[in-house]
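Order of writing sets the chain letters: A, B, C and D. Residues in each chain are counted from 1.
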Amino acid sequence: MLMKRLLVATAAAIALWSWWDYRAGAADSSGLTGPRRRIAVVLSVGGLGDKSFNDSAYEGLLRAVRELGIEEAHGEPADIAEPAEFLDVYAEEGYDLIIGVGFLMKDAVEKAARSHPDRKFALIDAPIDPREYPNCASLLFSEHEGSFLVGALAAMASKSGRVGFVGGMDIPLIHKFKVGYAEGARHVNPECEVLVRYAGAGPDAFHDPVKGKAMAETLFSQGVDVIYHASGSTGNGVIQAAAEHGKLAIGVDANQNYMKPGHVLTSMLKRVDVAVCETIRAVCEERFQGRVCVFGLKEGGIGYAMDEHNRALVTSPMQERVEALKAKILAGEIRVTDYLEVQRGK
Amino acid sequence: MTDVNPPAVEMLHITKRFSGGVVAVEDVSIGVAQGEIHAVIGENGAGKSTLMGVLSGLIPADSGEIRLSGAPVSNPGPASAVRHGIGMVYQHFMLIPVFTVAENIVLGREPAAGLRFDRRAAEEQVRALSDRYGLKVDPAARVETLSVGQEQRVEILKVLHCGADILILDEPTAVLTPQETKDLFSVLLQLKSQGKTILFISHKLNEVLAIADTITVLRHGKVVETMPAKGAMKESLARMMVGRDLESGAPDPRHPVGAVASASAEVLLELERIEVLRDNGLPALRGVSLQVRSGEILGLAGVEGNGQTELLEVAAGLREKVGGEIRLHDGVSGRDVSRTSISERHRLGLSHIPEDRHRRGLVLDFSVVENAILGRHRDEAFCGPWGIRSSADIEAATLAERFEVHANDLADRVRGLSGGNQQKLVVGRELARRPRVLLAAQPTRGVDLAAVAIIHRALREARSTGAAILLVSSDLSELLALSDRIAVMYEGSVVATLDPAKTTEEELGLYMAGGGRSSAIPS
Amino acid sequence: MNEFSLLPALVPATIQAATPLLFAALGGLISERAGIVNLALEGMMLAGAFAGACAAILLHDAVPGHPAAAAAGAVMAALVAGALVALLHAAACITFRADQVVSGIALNMLVLGLTVFFSQSIFHMKGGTPQLEEVTLGRLSLGASMALSPLCFVAAAVLPVAGFLLFSTPFGLRLRACGEHPRAAATVGIPVARIRYLAVLASGLLAGLGGLYLVFDVGSFSKEMTSGRGYIALAAIIFGRWRPGLTLAGCLLFGLAQSLQLQLQGRVEVPVAFLQMLPYGVTLVVLAGAIGRSTPPAALGKTG
Amino acid sequence: MLKKLDELSVSAWALLAAGVVVSLVILAIGENPIAVGRALIDGAFGGPRRVANTLQYAIPLTLSGLAVALAFRGGLFNIGVEGQLYVGAFAAAIVASPVASRTAGEGLATACGPLAILAAILAGVTAGAFWAGIAGALKSLRGVNEVIATIMLNWIALFLVGYLVNLPSFKATGDIPQTAEIAAGGRLPGLFPLSGDGAVMAGSGLLLALTTLLAVVWLFGRSVLGYEIRAVGHNPSAAEAAGIPVRGRLLQTMLLSGAIAGLVGADQVLGVHHRFIANFSPGFGYLGIAIALLGRNHPVGIVIAAFLFAALKGGALQMDALTNVPREMITVLQAVLLLFVAAAAGVRARMGARET
């Protein structure tokens, strides 16, 4: 009897929810004709909504849908075993290109590339040997170059001469951001101090905004007034803290300037969207090949964000100076340390 | 009495079934007049407590009606019962140990000063109430520090504080000394004189005849008769309770059958200056020394809470002691088993029929077979390299037959068995060990008379084969019928050791109330 | 490494880390004092966080320009959502007499799933919401260096209120009676089920606020953002031996450990992991009775 | 026997009810529950790889269900399986990796392999038992509620292994907090091929699970230890009076439960990931609670429940990959299921209680 009442109540609650459904019309704009390429993206653990890495990759996929008329699918793994399963599912379902997002997926992509030699794969952020995996492209970024530029901006904007860095995990890939950033800051102000914090040891470290905020507040309390984060959605907390404390944050991967206008100095743009969309374009134009592609300043894969949200923060002398630095890097006059290369060289 | 005033309480056609179709009370109707003491008597399991539970609203009836002063109670439940002035003193006290006396008593109708609970007013109210009825308690004391008798006073005060006009007392004397019982009765008479209506549950006929105005006899969930107490005969009441004459085959208690141990028989169990603390840190046993000889039943009398339970638990190994020695004799020399594990004591020939079969005696969710070997499951007879052997089934079947344990299937859970069958299973299992020493606590509590007879027979048989039996019972007639000697305990000490042939229930009662310290016969 | 002393930053950081815990712990305390184990605190917090974020964003979209109204709506939504989960827990535990621990675990799973489910269907974001933009609760300044969320003060105010309610009012006496000996309470006419429902409901309201605190702290909702704080609150209750004052101490201890490990990073060579473990270890030690005996309400967790 | 069936029917009804509730939720977001159901089944059983995945996922679920159920039978609620399996996994990994990598490629590897595997399994089991034993010891010696103790220990375990795996001596080079890969000789071998070409194998973890299952069946069906554990679980006072060392049995129950949890970890390391990876478990320990309850603590029921959950997981992934229904729907389904089973059990217990 009570059970029945409970069921009725649940149904009513659900009906209420569906009535309140906020969903906009389906985003499917499939007006295109012809045989369509089918492309799948397997996102990094944490999934969509990080406003940086994953969202950026997804943005690239959607752009390909719009511009190239492909059919898309995307998977959001919930644990470390699932990326491999998603890759398998998409390969079996006959997707032409399957892109793995994030260095955590390296093993899984290699394995999938081995067991599905007739499919094309791409991996973002970690190199895969094209001689061994000819059906596999790796998409790498010169994060150190972009980090150098935002580091220079940070040092210019800092009044205390003390800038901060919040990383997700204490790992080589994040060190690459940190080292570039520190070099940029010191290039502008050799006295500049860089305080570094990491969110944690597990993949969770990239989606814990509560912790990100606490870390940023700690850094602010220690005299830091600009913080650059390379920590996925953990950085949302960093930006929030900057807004609350009247300090500055620097976004990463995607343009995060809009998140707290006036408090995000700039964002280090890592155009995962560009890399994703270009790789898809290569497949559509039948010129995909297994190789390591590096997206740097030169390729437009890396940059720093300027828009109406940070116009007031970056004065034109500052911007001129950064542009000069950028030109020097492009010209090879400044060589920013690539931490990973140093590691490999060791 | 005229019919102008409707009875204070009327219960009409009350039926209550528990799951499994067990009928607790069936079509029971009783009426209680304003200002009388109405006793409800019956054997254990006759439905007395269930009926009163229905009246107090704690147990919802399946059908039937309750009327108070002629008005039907529309929405029965504890709250409504309290509103209608019904208060019940439960057999198992409904007190909160960590609350103070005052908090317990005013709970549900607390005096308040603004939003705040007015503790001082509460204590004042309790003091006034306890003065008025002569029920002395300290309102600020925590209930967990009180004695059982004091707890009962708190319970009665609680009911009075609720403003109850109708008091229900469920076996109130079970835990009291005769003196405390006398005090209780004078309180009840005082309450009656103030116009309170009292329902009194008991199975002790003497008490009922002493205090009640009207008696209702219940048997198997049905009313046998309601009659005025004046002129009622003890024997006929007893017959109504059990449905037949009291077992005529019962041996005369003054001439126990079986081998009576001589003073020279071997001492098998020896307790020396045992000292034990209660859970609350107060002394429970103050240097008790006892010896039980082969072929002897030593009865242990005493009001509940005077240390008998603790004594048996210490001997069984279930309770720590702070002083003294326990020796089990194996024919040559006594071995101090104070530090010996329970299973080792079992091996040395000790058996224990626990006082509470549900708590200590049985695993209710185990089958009859599994319970039949509980404690003996590591014996080679039942246990092989691959686990428990099928010989356990045979053992269970044998036990069931010998002790008349009625179960549909030996693989059924014992939870579904009646209390008598459960108890017979426990007794049978413990005796099947062929113990040299048997500790028997309340072996016949709450079982039907047929089961009592079987259990008594089994205990006598064990004695005749040379076992030493230490028997604790709150049923004095049982003690007198079975024991070769009776030791009386009072406040943690043995105050007397008596010869059952030369004593009476009255004399026992005197000692149990702490009325003297002497030893009638040497132990 | 630098001349900045720990203390000025540590105090506000500890208070901020302890606030959501305190909300949940006080709720749990009330519920457990009434005899209902509340493992569902985690789910209640998460539900409060999600509903609060949704309300803030949707109201702000619907009626732009009134961030204060949206913030008020968020508070209401968090309270309602926490209460809804509490209602389910109460129904399961009290009406259906389900195992309280199991019900708590199931509800935590349920809320986790539903937040992702609905964030997907409402915002097309899996397990997250957009930024709250200008909807905030603001900050109240305390001296020069301390500006705290108003919710910190609410939590601080709820503490004595809860303490007064539990230990100084007739209602509190009845509530504790339900947790100690429900049958005894029932026999004197106390509506045990109703009081237990109210207690669990109170825990839902408070835990909902605890979740909301997190949302306003970071300005958006993200999947699993409570990350075990409901369980930590439970530990704080045990640490506090079911007393409000000591429970506060427990919450502050956990808050301190959390902020200390952030403060000390880069300063000392103590592995962060050990600082993170510390409060859990201390709770175990407290449980083991090494620091005084901890006695839960007698009827805690007993069904029926 | 009839009673057992009756008890499982509660689970079946709960499953049906939960399915109805979740279908309504799916309808509410405008999707077709039947299509979703088809995707679920296809994802779980459509093709050898998916069957293999379902099987592989059912192994840890069965084991952790057994771990929880074993403790339940002994009257203990082990919420700590998650922490225990992490500790077990890490122990197995550090034992397996040096042995296996040193002998990799050499003739010795084939000889050492089985021994290394055995040693690693043993290490995992021991470590899991030890971790559970802490809660067991606290329970039996100090009367500490094991629910809270195991929750605390879960956190400590997570931080501990998270710290250890990042130590230079254990961490493999690279960005991921994981230990070095175990060489082929140190891994659990494939058991039998599931696809024609032999590319998809059923892991020999299946054998581990089966052995454990049979051991648990024997433990509670016939063994004296199991009898005593159950007696303690149902009525510790009576067990004590019967001469059963209650405290010892409580500790042993926790040890055994933790040992099975450790086996889950060892299986994941040796048979699936071939290394320890931080945060590898998708909550096997917590799912084990749901599975034990759904399977009514009965080994057969647990296997059925574990396969159900494993199929749901595989199907959910497929659904997530190819439809608009988020996979958290499965979490919702499991939660509702658990709630219904718990409520139904409560109602039955109340109806069955004899009040006197």
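By our rule, contacts are C-beta pairs under 8 Å (C-beta built on N, C-alpha and C of every residue); 3 or more make two chains touch, one makes a residue touch a chain.
It should be emphasised that the depicted structure is a prediction, and the values quoted were computed from it without experimental measurement.
Student: Identify the chain pair with more contacting C-beta pairs: C-D or A-C.
Tutor: Higher C-beta contact count between the two pairs: C-D.
Student: Using mean CA coordinates as chain centres, what's the chain C-chain D distance in Å?
Tutor: Comparing mean C-alpha positions, chain D is 29 Å from chain C.
Student: So the centre of each chain is just the mean of its C-alpha atoms; given that, what is the distance between chain A and chain C in Å?
Tutor: Chain A and chain C have C-alpha centres separated by 33 Å.
Student: Cα centroid separation between chain B and chain C, in whole Å?
Tutor: So the centroids are 47 Å from each other.
Student: Distance from the CA centroid of chain A to that of chain B, rounded to the nearest Å?
Tutor: 74
Student: Among the residues of chain A, pick out those that touch two or more other chains and give their numbers.
Tutor: Where chain A meets two or more other chains at a single residue, that happens at 17, 21, 23, 76, 201, 204.
Student: Which positions in chain D touch two or more other chains at once?
Tutor: Each of 25, 29, 162-163, 343, 353 in chain D touches at least two other chains.
Student: Run through the chains and report each pair that touches.
Tutor: A-C, A-D, B-C, B-D, C-D
Student: Within the complex, which stretch of chain C touches chain A?
Tutor: Where chain C meets chain A, its residues are 2, 4, 8-9, 12-13, 16-17, 58, 91, 95-96, 118-119, 121-129, 131, 139, 147, 214, 217-220, 222-223, 225, 227, 258-259, 262-263, 265-266, 273.
Student: Taking the touch rule as given, give the residues of chain A at its contact with chain D in the complex, in rising order.
Tutor: So the residues of chain A touching chain D come out as 3, 7, 10-11, 14-15, 17-18, 21, 23, 40, 73, 75-76, 78-82, 85-86, 88-90, 92-93, 103-104, 115, 126, 169-173, 200-204.
Student: Using the touch definition up top, name the residues of chain B that touch chain C in the complex.
Tutor: Residues 56, 58, 78-83, 88, 90, 94-99, 103, 107-110, 112, 115-117, 158, 162 of chain B touch chain C in their complex.
Student: Touching chain B in the complex: which residues of chain C?
Tutor: Its residues touching chain B are 164, 168-170, 172-174, 176-177, 180-181, 183-191, 298.
Student: Please give the residue numbers of chain C that touch chain D in the complex, ascending.
Tutor: Touch residues, chain C against chain D: 88, 92, 96-99, 101-103, 105-110, 112-114, 116-117, 120-121, 126-127, 228, 231, 234-235, 238, 271-274, 276-277, 280-281, 283-284, 287-289, 296, 303-304.
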